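Letters A, B, C and D name the chains as they come in the text, with residue numbers starting at 1 for each one.
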Amino acid sequence: MNKLLVLIQCRDEVGLVANITSILASHQLNIIAMREFVDEEEQRFFARISCSSALENTEDLRLELEKTLPKNSIVEVVPKVDKNIAVLVTKEFHCLSDILIRNYFKTLGAEVKCVIGNYRNLQELCEKLDVPFHYISHENISKEEFEYSITQQLDKYELDYIVLAKFMRIISPSFVAKYKHQIINIHHSFLPAFIGASPYHQAFNRGVKIIGATAHFVTDDLDEGPIINQQTIHVNHTYGAKQMAIAGREIEKSVLSKALELVFDDRVFVVGNKTVVFE
Amino acid sequence: MNKLLVLIQCRDEVGLVANITSILASHQLNIIAMREFVDEEEQRFFARISCSSALENTEDLRLELEKTLPKNSIVEVVPKVDKNIAVLVTKEFHCLSDILIRNYFKTLGAEVKCVIGNYRNLQELCEKLDVPFHYISHENISKEEFEYSITQQLDKYELDYIVLAKFMRIISPSFVAKYKHQIINIHHSFLPAFIGASPYHQAFNRGVKIIGATAHFVTDDLDEGPIINQQTIHVNHTYGAKQMAIAGREIEKSVLSKALELVFDDRVFVVGNKTVVFE
Amino acid sequence: MNKLLVLIQCRDEVGLVANITSILASHQLNIIAMREFVDEEEQRFFARISCSSALENTEDLRLELEKTLPKNSIVEVVPKVDKNIAVLVTKEFHCLSDILIRNYFKTLGAEVKCVIGNYRNLQELCEKLDVPFHYISHENISKEEFEYSITQQLDKYELDYIVLAKFMRIISPSFVAKYKHQIINIHHSFLPAFIGASPYHQAFNRGVKIIGATAHFVTDDLDEGPIINQQTIHVNHTYGAKQMAIAGREIEKSVLSKALELVFDDRVFVVGNKTVVFE
Amino acid sequence: MNKLLVLIQCRDEVGLVANITSILASHQLNIIAMREFVDEEEQRFFARISCSSALENTEDLRLELEKTLPKNSIVEVVPKVDKNIAVLVTKEFHCLSDILIRNYFKTLGAEVKCVIGNYRNLQELCEKLDVPFHYISHENISKEEFEYSITQQLDKYELDYIVLAKFMRIISPSFVAKYKHQIINIHHSFLPAFIGASPYHQAFNRGVKIIGATAHFVTDDLDEGPIINQQTIHVNHTYGAKQMAIAGREIEKSVLSKALELVFDDRVFVVGNKTVVFE
C-alpha cells in the first residue's frame, strides 16, 4: 500500500464531500486524514485528502474527480515524494544552514539541487555539505542580466520551488511571473508592519515590544504576497536595532523552516493574496 | 435555515466519510465545516460536522446514521444551543468572575444556572451579576454529607456541565460517577508536573522557568482526567511562590475560558483518558 | 518599615549608580530591588529602586538626590500607593469588565473613580460593581463640546491616569496635552501594522497568520504613542474578520491588563516616543 | 577601552550595591549594564556588572572587592572571551548541528574543541565542519571504562563546559563531580513532567496538549539539576508519540541554543538546585 495525496481546489457546491469521498471509496482508497475548507466569501472549496492505496494508475482517478467536480477545478493526485528546490542567498548563513543541514540528513522534505549566491561567503558551507553553489554577482550588470544568469542556472534543474533564504535583491515581475507561486521568501518583519528596507531599524525606532518574521510566496508587489507563516518574539527597551536583528534571526530561521515543511508537505493552497494552510 | 451539529464517534472503517456525507446530502444538509479524526491506535473515528439545514425532525437522520455506522456508534444530531452549567468555587474570584462576566453579556456559550461555594466571599459578586449563589460549608460535616448537599442543589437544574472554578475540595468517586465527563476542572499547574497540593510551591522549589495551567475532565484519579487545554507562561528567578501564584491566575483564567469555549461548542470528544479537540 | 520607591530619569554620567546608592545608604534605606538602564543613543539613565525604609520625611532624600544628579534630573521618592484612574469606554465590555472586577477585588493597583461612556450599555455593569458611570453622548455636539463635558467630569477627581478601554472616538490634541503621558489606550492591532480604523478587517484582507494588540500612551499622532506592551496570537484561514475580532478581544484584555499592572506599579518610563519598562 | 565583566555572589547585606559600585568607580570603571538580585529566602546577593575599562591588571580590583564583601564571597573579574567546550552526542543530529553551524560561523560564544560520540553517524558532519570527532563506544565495556575513555579525551583540552547534546547515556556521580556546574544537558521534556526514559511516549499516553524541553546543569540526580531554560509548544490529538518527538526536536534545539547563549555570556548563576539568569 502506498500513500497518495488528493488535492482539490474548486468552486463550492452542495454535496462536494460526499461526491469526492464516494469516488475515492469506489477506487478502494482508504482515507487516513482529510482536511477541507470552504472560503465562504470567495465560494471556493479546498481539500487535502491523504489516502492509503494500491492504485497503480492514478490518472483515471484524477480524471473521474475532474469530471464530477465543478468546471475549472484543480485536481492533483500525487504520491508523497520529496520536492526539488533551489535556494537563493546573499550573505547571511542562518536560514541557509538550517536548510542545508536538514537536506544533509534528509529530513527537509525536499532535495536542494543548488544554491545561488551573489556573494561568495556561503560557498564553502554549501560545498562542505555537498550542495553545488553557483556564484552570480549582481555587480556591474543590469538586473535583467543578473536575473538571466540566475534563470540559466535554475533551468538546469527541474525545480518545484525556489527559496529566497535572505536573498537581499528585489526581483523583477518577469522573474516572479516565470515561477508563479513557486518562490518562497522570508521577510525579516511581522508583515505588514515594517514593509521594505531595514525593518529592524524601523522596529527599533518605533519602540515596539514584539518583532517577528513572515514567510510568504513572492508576487509582484514587494512584501505583499500570500503569507504562509508568521511568528513573533518579545523584545524590550534593552534591544538596539542590532540586538533585534540578532534575535530576529532565530525567528526568521524558525518561520522559514516551518513554512517550507508545510509547503513541501502539500499543505498550502494559494487563493488570491492569501493562503489556506492545513496544518 | 438552521445550524445543526452532527457528532459521531465510532469504530473506524473504510468508507465512513463517504457513507456519512451521502446520508447528509440525501437529507439536503449542506456541510459548512467538517472535522474528522481517526485514532489509529484505538481504531476509532471521530467527526464533528456543522451543517445548515431546513430539517424539522432530526431524529430520522440520527437513526439512519446509527443504522449505517458500525455497531455501538455514538451519534448526536443537535441544534446549536447554549448549555446549562453550575459553577463550584471556594475563595478565589479570578476564574469565576471571568465566567460570570461572559454569562452576564451572553458570550459564554452557556447559562450559569447557579454558583455553589463553600465560603461566602464570592456570594456578593454572584448576586450582583444576577446568578443564584448557594452557600454550602464543608465544615463539621462528612464529605458524604457535603457532597449530598451539593447534589441536592445541582439536581434542581438540568445541567450539561459542572465547572470547578478553583474549587479546592477533592470530590469523591461517587460524585464523579454521577456526572461522568460532565465535570470540568482547572488545575493550577502544567499537568502532569506538580500533581496534588501547592503546585506553585512545588514549582518554586524546583526552580522551573515555566509555569502552566490545565483544564481537564474530572475522573476518579486526582488530576488524571482527560486534558482539554493547557497553556504555559515564562517565569524567572525573581518569582517567589506567591508571585508564581499571582501570574498563574491569569493563565488559569485563560485556560479555563478556552476549554469552556471548546466544550460548550461541542468541539471536545473524550476517548479513554484523552480528548480529541476540533479547534 | 515602609516600602519606598525611588524613580530617577537623568542624563547619563560615570558613577551615577555609586552616587545614588551611597545617598540611599546614608539615609539607612535598604535596597530590595533595583533596575537601571542606560539608553546609549539618547545618553539617558533610568532607575527604579525599591527600598524598605523607616524615613518619615522623604523630601530631604529627594532634594539630596536632585542636587547630586545632573541638571534637569527627574527624581521621585514615592510610597507604594494605589493610583486613581478614570476609564473611558464606548460599547465593548471585555476590557472594562476586566478592570472593574480587579477594582472590585482590590487587585488592580488602582482605584477606578469613575467610568465615562458615550453609550449607555455599560452603565448597568459599572453600577452593579459600585463604580459611578457618567453618560456623555458625542451626538449632536462638536468634538470640543464633547471633550469639554468629559473634562468637566474628570476634573472632579484627582486622577493619575485615564484609561481608554476601547473608547472609539479620536481625541483632540488639546485633550491629549492636558493629560500628558497620563492617557493609556488599547489599540486592537499589533502596531504599527493596521494603523487606523477596522484593523481586523485589514488583517483579514491581508491574510495574516498572527493578530495582536498594543497598549500605548496617547500622543497627538493617532496610534503613534509610546508602546507599553504588545502581544500576539495565531490565527488561520478559518478566521473571518469577525472571528479575528472575537479572538482579538482576549488579547486586548490581556495586553491592557498587563500594561496597567506595569504602569500602576511605576515600572514604565517614557522617553521620547518609546518606553523603558522594568518588568 | 575593553569590556570587563564583574560577577559576584555573596551573602546579602545592607549597602552592598553602594560598596561595589564605589569600588568600581574608584578604578575608573564605567558601568554599562548592571543586574543584581537578592534571593531573600537564601539571603544571597547576585550581581553581573558589565563595564568598559582601561584596566591592565584586574586582580587588584578583584581582591579589593573580595576584601570589602562578606566572607566567602565569590568574585570574578573576567574579560569577555569565548568559552572552550566539548559536545557529547549519541545519534541525533539536530542539537549538535545547530552548535556546529554557530561554531563554524563564530557566533556561538564558544569554541567547540571536540565532539565525542558513542556512535559513528555524526562523525562525518563534524569533520566536514572542521571539528575533531572522537568515537568512543559504550559497548562491551563497563560504565567506568566508558567514562574513563571520555575523560581521557576531555582532559586533552582546557574546557569550560561540556554539552550533552542528546547524549543518551546516564552518567555516573563521579563524572558529574569532576565537572561540577560545567555539564549542560538538554532533556526532551518539560521537567519535572516525564522524568526519565521515553518522555514523548509518556506525554502521548497522558494526552497532554503541550510538550516542552529543558536545558539544565547536570547533578547526581537524573533530570534534577538546576534548570537554565525551558520552552513549550502546543500539540494536539493528531500527534502520535513519533510526531511529538519530531516537533520536540525543534524546541530542544531552540532551548539548548538559548541556554548555551546565556551560559557562555556569563548570565547564569547556580544557587543550590536553582539558577539565577540575568536575561
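The rule is short, and it goes like this: a contact is a pair of C-beta atoms (placed from the backbone, for glycine too) under 8 Å apart; a residue touches a chain by one contact, two chains touch by 3 or more.
As the structure is a prediction and not an experimental result, all values here were calculated from the model.
Set side by side, the interfaces A-C and B-C show unequal numbers of C-beta pairs in contact, with more at A-C. Spacing of chain A relative to chain C, judged by their CA centroids, is 41 angstrom. Computed from the mean C-alpha positions, the centre of chain B lies at a distance of 35 Å from the centre of chain C.
Counting partner chains per residue, chain B has residues 33, 37, 238 touching two or more of them. Taken pairwise by the contact criterion, the protein chains are fully connected, each one touching every other. If you check the complex, the residues on chain B that touch chain A are 14-18, 21-22, 24-25, 30-34, 36-38.
Interface of chain D with chain A (complex): residues 33, 93, 97-98, 101, 104-105, 125, 128-129, 238, 250, 254, 257.
Interface residues of chain A, counted against chain C in their complex, comprise 37, 39-41, 190-194, 206-210, 212, 226-232, 236-238, 240, 273-277, 279.
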